[in-house]
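You will see chain A twice below: alongside chain B first, and alongside chain C after that.
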Partner chain A sequence: MENVILNQLNYPVLSYTVFLPVLGALLLLFMRNTAMIRWTTLLVTMATFVISLPLLTNFDKTTYKMQFVERHQWIPSWSINYFIGVDGISVLFVFLTTLLSILCVLVSWKAIENKVKEFHIAILTVEAAMTGVFISLDFFLFYIFWEAMLIPMFLLIGVWGGPNRVYAAIKFFLYTLVGSVLMLVGIIVLYFAGGNTLDILTLGTVHYPVKLQFWLFLAFFAAFAVKVPMFPVHTWLPDAHTEAPTAGSVILAGVLIKMGAYGFLRFSMPMFPDAVRFFMTPMLVLSVIGIVYGALVCLAQKDLKRLIAYSSVSHMGYVTLGIFALNSQGMEGGILQMLNHGIITGALFLMIGIIYERTHTRVIADYGGFATLVPWYAGLFIILTFASIGLPGTNGFIGEFLVLFGAFKAQKLFGVLAATGVILGAGYMLWLYQRVFFETPNPNWGPGHHPLWDLDLREVITLAPLFALIFVIGFYPEVFLSYMHPTVENLLKHINTHAFAGEGLIAKHLMEIF
Partner chain B sequence: MDMANYLFEMTMIMPEITLICVGLILLLLDLAVKKKEVIAVVGIAGTLVALYATYKLYIFNQPQNVFAGMFVLDGYSNFFKLIFYINIILTICISLKYMTIEKSSFGEYYALILFATTGMMFMASAADLIILYLGLELMALSTYILAGLIRKQPRSNEAALKYFFLGAFSSAFLLYGISLTYGMTGTTNIKEIAVALQSLNIVDNPIVFLGMIFMIVAFGFKIALAPFHMWAPDVYEGAPTSITAFMSVGPKAAGFAVMGRVLFESFGAMQLQWNSILIPIAVITIAVGSIIALAQTNIKRMLAYSSIAHAGYMLLGIIAGTADGLTSTVNYLMIYMFMNVGAFAVVISLRREGFQGENLEDYMGLAKKHPVTSALMLVFMFSLTGIPPTAGFIGKFYVIMEAVNSGHMYLAIIAVMFSVVSAFFYLRIVMYMYMKDPKEEVTLTSSSSLNFALAVTTAMVIILGVFPSFLLNLVRSSIAG
Partner chain C sequence: MLKYILIPLLPLIAFIINILFGRNFIKDKAHWIAVPAVACSFILALSAFMNVASGNVININVYNWIVSGTFTVTIGFLIDQLTAIMLIVVTSISTLIFIYSIGYMHGDKGYYRFFSYLSLFVFSMLILVMANNFLLLYFGWEAVGLCSYFLIGFWYEKKSAANAGKKAFIVNRFGDFGFGLGVILVFLTYGSLEYTQVFSDAGSIAGQTINIFGSDVDLITLICLLLFCGAVGKSAQMPLHVWLPDAMEGPTPVSALIHAATMVTAGVFLVARCNPLFSLSHTAMNTVAIVGGVTSIFAASIGLVQNDIKRVIAYSTVSQLGYMFLALGVGAYSAGIFHLYTHAYFKALLFLGSGSVIHALGNEQNMQKMGGLKKYMPVTYAVFVIATLSITGIPGLSGFFSKDEILWRAYSSGELGKVLWLLGTIVALMTAFYSWRLIFLTFHGKFRGTHEQEHHLHESPKVITVPLMFLAFGAIFAGYAGIPPLILEHGDKIGEFLGPVLGHPHGEGSHLEEIMVMMTSVLVAVGGWYGAYIMYVKKPDMPLEAVSKFTPLYNLLFNKYYVDEIYDKVFVKPTLKMSDKVVLGFFDVKIIEGIVNGVPNLVGAFSKKFREIQTGMLSNYGLVMALGALCIIGYVIFLK
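Here is the complex of A and B:
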């Protein structure tokens, strides 16, 4: 236990963060009044957020070790423990999860009128499962949260989604499940290879044979690449994002797809350093394809939500590009970009949900001239557009800059190619803004026709925290970067010292495989 | 044989004696008592007495061979008996109201369930192939009748007849296998066969191999392994739903009990040979069950194919060929009982006077009017898929773990990939319930006993999913002992 720091607070902070939403969901089972259900859910998510705050404030930023660790025996016959903790990477995502959950409840206040109770139960359970994924230090526990999340998510998309929701929900479920079950086999193989344990930290210290690493990397890649999503297994994402209700899109874009990249960082990198080295170039290639392809497809979209969905493919390409650049700038940039994408795209989906409640259309051509109709809305939207493009002063700039810096350092060509994505990104976002907010006003809207109203107080409150974060990170990224420095440093040191030196040796081992 | 020894041996089969006696009492009681509830309650009480007897017999930590090596009482058989008892109680609970609706509420029904179960218990405790055969026939004959109990329904009659003919066929296979084995080894005692195989040095003998294959075929028929599964969809569909639930657990568990015992104890030295048969069977079973279920529109047929697929997963533990592997199979059976009977309990609750409630379309929009029942069905469906935190995941995890541990990597990958295929048809039910609008109003039949069964199965599916330790330890210690 020398490599972890036990929870120093006098209450199990991480367990509370995970299980308070579960408790809230159980409480909801016995409620009938919809207003009461909404308020209870809001209070529970806010309480969870408050409870999780000490994780940030009491965090020891000088160490890479796991903190706030709790460990109890769970299934002794398989030596499985209830083992949770956070390091400089996961703590940020716990923060993001608990924050976005509050906003999801707020944005659904009026949008969801059907099966209100079930909706809020789904939101709370998905929050618990997502938090669980980020804090699990035991593979079994991790896998339970990872899979359990599918159930409420499947329902969120399929029950409260758009017209094509059932197709999107099933596609999402099956895609993710294929990847997950392959990872499950990988986990079981690791269990036996690592000495009958599923302890993630212990498994990370074992040096596995190169051949085994190679196959395990692929098994885990199946799960994580689908989640990220990386090209070419990204096709579930546009459907799921588009059809999901606003809250579902925010959860998907904000947290859920981060788990893939998180998985690479938490499992693939420490456990299969040789394979990571070997697969570095293919991963960079896939990332760059994702960046450019996603951006190009955005240019052709007619649907507002679908466009943002494809922009996620492009932006997540930066994340994997940065991570697999295997240097500190790239990796920190990738992690920050994950957080940024959660904030920006989360906010974009909130904004689209807000306007959809008024117009009931997502087709870009139905809009036009909205800058005069809803000026405040238009003003906030331009900030998001700039953040998404990566204008200096916003968080998007810091993340993309670090990623591109790292990519240049690793392999120049990929840096150059990825940079074209920035230009394309400016293209599709600004063009979108032009079509929606400028140009001749669409005669359908405005006084005398379909009434539109600007942002109300609830909506402003919903958006405010995300806009604040955009500028905080944009001007002083160290607020969040400082958490990850030691962790990233340690991870890179681990990869460099553990990976077999020299490409020749890897090539030799690969000869044995084929 | 002296009296004390005789009495001691009788105590060993006290649970079986209890069930037979209670069964006979039920037959008599049926003449005197009009209310079927009384008969059901007496049946459950009798089962509890038998359960108590088994519990008391748990004290021996060594296997007890009695009746001249015909009958064995060990942890393995005791654990299977536990499955059988729970199965009886759950079946009776879901039957009460349902059989009245089917206008087939006979007292014999409950007696036959007890007789069938006694057969299963003899199978689990068989130390000799003859006792095994007797137990199997007692179980089979009782279930043939149970399958055809709705006399006025042609499909129920068809189910019984089909089950009977194919069952008789499989019994012939079993007898043929026993004869061949007896011919080669000169014994029908399960343990002594293993000794004879070694001492006569006939492990590689093709006739011994053939005898073993015939027995696997017969057991495979009871378990519904492909390609011996053809009867299952028709019989499952035609039989009374409560009996479908009963059959999908009891005979399957009994089949696995004897398969495990015969393969491990008699043919333990021939593991390579039996795996050369069982591995293709497992792959075909999982594939057939998962793929054909996709095309079903009747939920009972769909669950029949699902139970075929699950039998394939359970087989992985036997293929592993270790004590741990066998443990994983038995563990799977226990979990499978709860989730499968639970699913059938929901199917039963849709049945009412003049409404079958067996088509998938009947589940359209069920969540709107009946949120609780739908939520329970959702839990069972996700458990059957094997999604955590339900018990179904623990079951699958364990068998796949043992498949990997015994070096059958490809089998593990095939199994998990088909579990994705199967996810589609389980999800479809959830989709119908939650994401479609109701076509017509469905009113549910409910009774306190049905609710009890639903509560128990749901609770177990969730509890065993989150805290599997207790069950795992129980199975492990039973099989090790």
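Here is the complex of A and C:
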């Protein structure tokens, strides 16, 4: 296999990363004491994080090839393998997943009082499944992880969520499932078209007929667009986010919705390059609509969590905009923006969870004057506000700038339209900040009424890594960009050389379809 | 050379220390960290200035900031003549205002916060002027905007302050929208964002066009106009001027430092910095000149009738910034920067002087409730008069030199220039009028405030008055750096110093004309004073009579031409309404959610109907069976 380089480490590091949380979950089955359950989960997530670190430190940044690869025969009669590995894109998301999992455990320390054991089992299994999605190089394995992820997530929302949790959980599940089923059909078709193999890398080297690419792109698009979520299939997200417990929102925003964009990069781009070129403009249109639409809805939101959820729609619009600009700045910006969104919005949900524990309300109008009441909290929140707006010095700027650069370079109109999101973003975030933190303190709170207290040590520890990342990426984005340079370059080369030369030719092929 | 990196770094360190430890440990000692830091920056800036004056240009790249494909941009600094002047202006005025703030902000519960933000501002502003590429400039640009947001909303418990901060940031974002696109277009055009490379290649694209949304546009003009969008926002030019008067909600030292002397001049700096680009486009240059000219008369006319002491000075600032753009637009870059430099001193002085007044009156800002302060506050009065003489362009003080140069350069630059000169002269008349009106209302006549206030009237402490005296010194003598060659050969030191960066303006005009322009500007300055003197000292009833005679005009000016109201009606309200009623209420909830919830409901409704067939009663089933059998038999017999 020319696209594969073998494991640099002499132990199966990726398998450890996936299966340690599973092992931890099994261990929890035998525990009763809630304190012990919390500590065990915390240790397991931390150990997983530590184990996954060598992926970054030993990563060879000069090649686009798959690294830390493990490959074993699994079901030979259908040529299904246990085949895992990471490249310069997926390695970053393994890092993000293992990091955010620790924070999810920490933030739930006091928030979750009910069915503690089951909750932590769900957290660990969802961690394992998410990691699995990012590292699978075999479609069968990938699909198992992809679907496996839904179950604990469904439970996290449906069991530990807010008042309307059952509706939100079912909506989330059905929405995602509809997309996934179409993808499953796509995978089966690919299996036969690509020469009876489910090897993702091999399937990426086959040049499929344009007509087939067209339909397969749409089948995969159904699954990925729901996950991103792209306009107009985004409405599951606000409900799921709003009803989910804090840890659930962090997982959703931080990792789960990255899988859609990841899917475009891992499957659509290498396998259907002609279709990608053909669908470039429609994808850019949907992205720009998502950016502006999400931002406008934010202006009308009265619920703290819902507002941040809709801001995700807007921010993820930048991600797909960058990726489908089909140039290196756009794509790298898009990938970095995925990471950034995980960090910033993940942190925002942590912060909202922290304040919700004190106030038990998500209605923005119930807040006011919190800068006076909880000054340290307010100080951290303003950093997130400006990171979300994309102020230089924070990670948000780097991603947003590269995406806009790429979009403008590709098609000026979309760059210009997307840049209006920069104005709207400042509008809704600063207005939110004003309503929550400025002006005279709302008389509901404060001494004598409902007591409020500022951040405690556990909460500061929970937030610290994400704030560090905001500034590290803001001032030295090469920390993460350097991983993806060769991978992105190779991907773009593939699209540009593999795709039929002229747009006209693609159009001609496609005419046959209709 | 690396020591110059400390110039911005010292204030940054002061910020970090104060923001982390200020609340619990440093508290009211925050100035012990902030003041030395900025003072050291000033000393280093002087050393950098000397270095540049001896003929060196410092250009250092520290590290690669963003790398992606062919796109590379560094964190790097350029200290040339233009930057050197800016360094001196920024650090010297910052130092004085920091010291002033020790007295002015004394006892405020956010004392440490104030010095933190102020230090962060100085850091950002220094990055802005020291950057050696467009993206780092953009970094500083946004960061000063952030500090401005923090400091305008410093007393965030006041709703008006919180609103003003938000407004400033969002209005600026409109400008930055264009600026950001301009930066991107610069890279796509020149393949670099570094000044030296972009400017040396500037001419290579002259005449090229770019297709924007179907029509061909001159590339260099487009780049310049996009960059200029940023300048319009930051320097509060029309139509984005609306944030600056509201920004007066911030503490007065902030108004002086950020909203008069330094940050708001960033737009002027930007255009001057990009002069190799602007000089290639007539359209862009004329746009700059016209926007500047129109803004200056527009703002000055509003300033004539305002009653809030700080707002008068704020409109004066908008107007004077317009003057600077007017200068840039006619190609007199060094005149624009010269005015930036003198303006920084006399305008900071006006603000700090008004701060001294406000402080003495217990936060009263309405001039109608002042009067007769001359005898209580002699030092403040004296410096106020100096600043006013300077801004109105009385010969011998700083303002005269820079203002005169702008008017002369405008006059001598051609047809459009003559019109702009006339505009500028009318503005000078208005400026003299409202500046003296301010003095007469505040310091002359009888005190019109409460007895309580009168009882507490006092001159401000030394920590406030001493910085005022230093600034007064600048307001008088700073202008001697640019004496017109007409008066003293080789007197225009600053123009010669800036020559390598900004070039030398070429105009046509005789000495006679130059003298005429100079005489006119002095004449209108005196005229403005005389008008104000008659109206506010000799015949104090006249203003009221004038108001009743010209009520509609007065209302128009007093309400700032209703621009805020128009923006609210045309942009803000409809956007909010649309997002609530149309985008969320109709599209998201009705259409998308309608379909999402509708499909399952439809399936559910169907299955409910089908379920009803299964009644569980044998007779029903029997009947259906019999009917079915009959149908089949009938089919076989009759149709087969």
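Going forward, the second predicted complex is superposed on the first by the 514 of 514 C-alpha atoms of A that agree within 3 Å, B and C clash if a C-alpha of one lies under 4 Å from a C-alpha of the other, contacts with A are read in each partner's own complex, and residues count from 1 in each chain.
Convention: a residue touches a chain if its C-beta (ideal position, glycine included) is under 8 Å from a C-beta of that chain, and two chains touch if they have at least 3 such contacts.
Not measured: the values here are computed from a predicted model.
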First (chain B), second (chain C), both or neither touched by A:Gly158: first
Chain B versus chain C as contact partner of A:Phe408, first or second or both or neither: second
Touching partner for A:Pro232 - first (chain B), second (chain C), both, neither: second
Partner chain(s) touched by A:Leu174 [first = chain B, second = chain C, both, neither]: both
Partner touching more residues of chain A, whether chain B or chain C: C
Touched partner set for A:Glu118, first chain B, second chain C, both or neither: first
Chain B and chain C footprints on chain A, overlapping residues: 174
Chain A residues touching chain C - in the complex, by the definition given at the top: 171, 174-175, 232, 235-236, 293, 296-301, 327-329, 332-333, 369, 371-372, 375, 379, 386, 391-393, 397-398, 401-402, 404-405, 408-409, 412-413, 415-416, 419-420, 422-423, 426-427, 430-431, 434, 437-441, 475-478, 481-482, 485, 489
Touching residues (chain side chain A, partner chain B) in the complex: 74-78, 115, 117-118, 143-144, 147-148, 150-151, 154-155, 158-159, 165-166, 169-170, 173-174, 177-178, 181-182, 184-185, 188-189, 191-192
Residues of chain C that touch chain A when the two form their complex: 19, 23, 63-71, 135, 138-139, 142-143, 146, 149, 153, 156-159, 162-163, 166, 169-170, 173-174, 176-177, 180-181, 184-185, 187-188, 212-213, 575-576, 578-580, 583-585, 587-588, 592-593, 596, 600
In the complex with chain A, residue positions of chain B that touch it: 367-368, 371, 378, 382, 387-389, 393, 397, 400-401, 404-405, 409, 412-413, 416-417, 419-420, 423-424, 427, 430-431, 434-435, 468-469, 472-473, 476
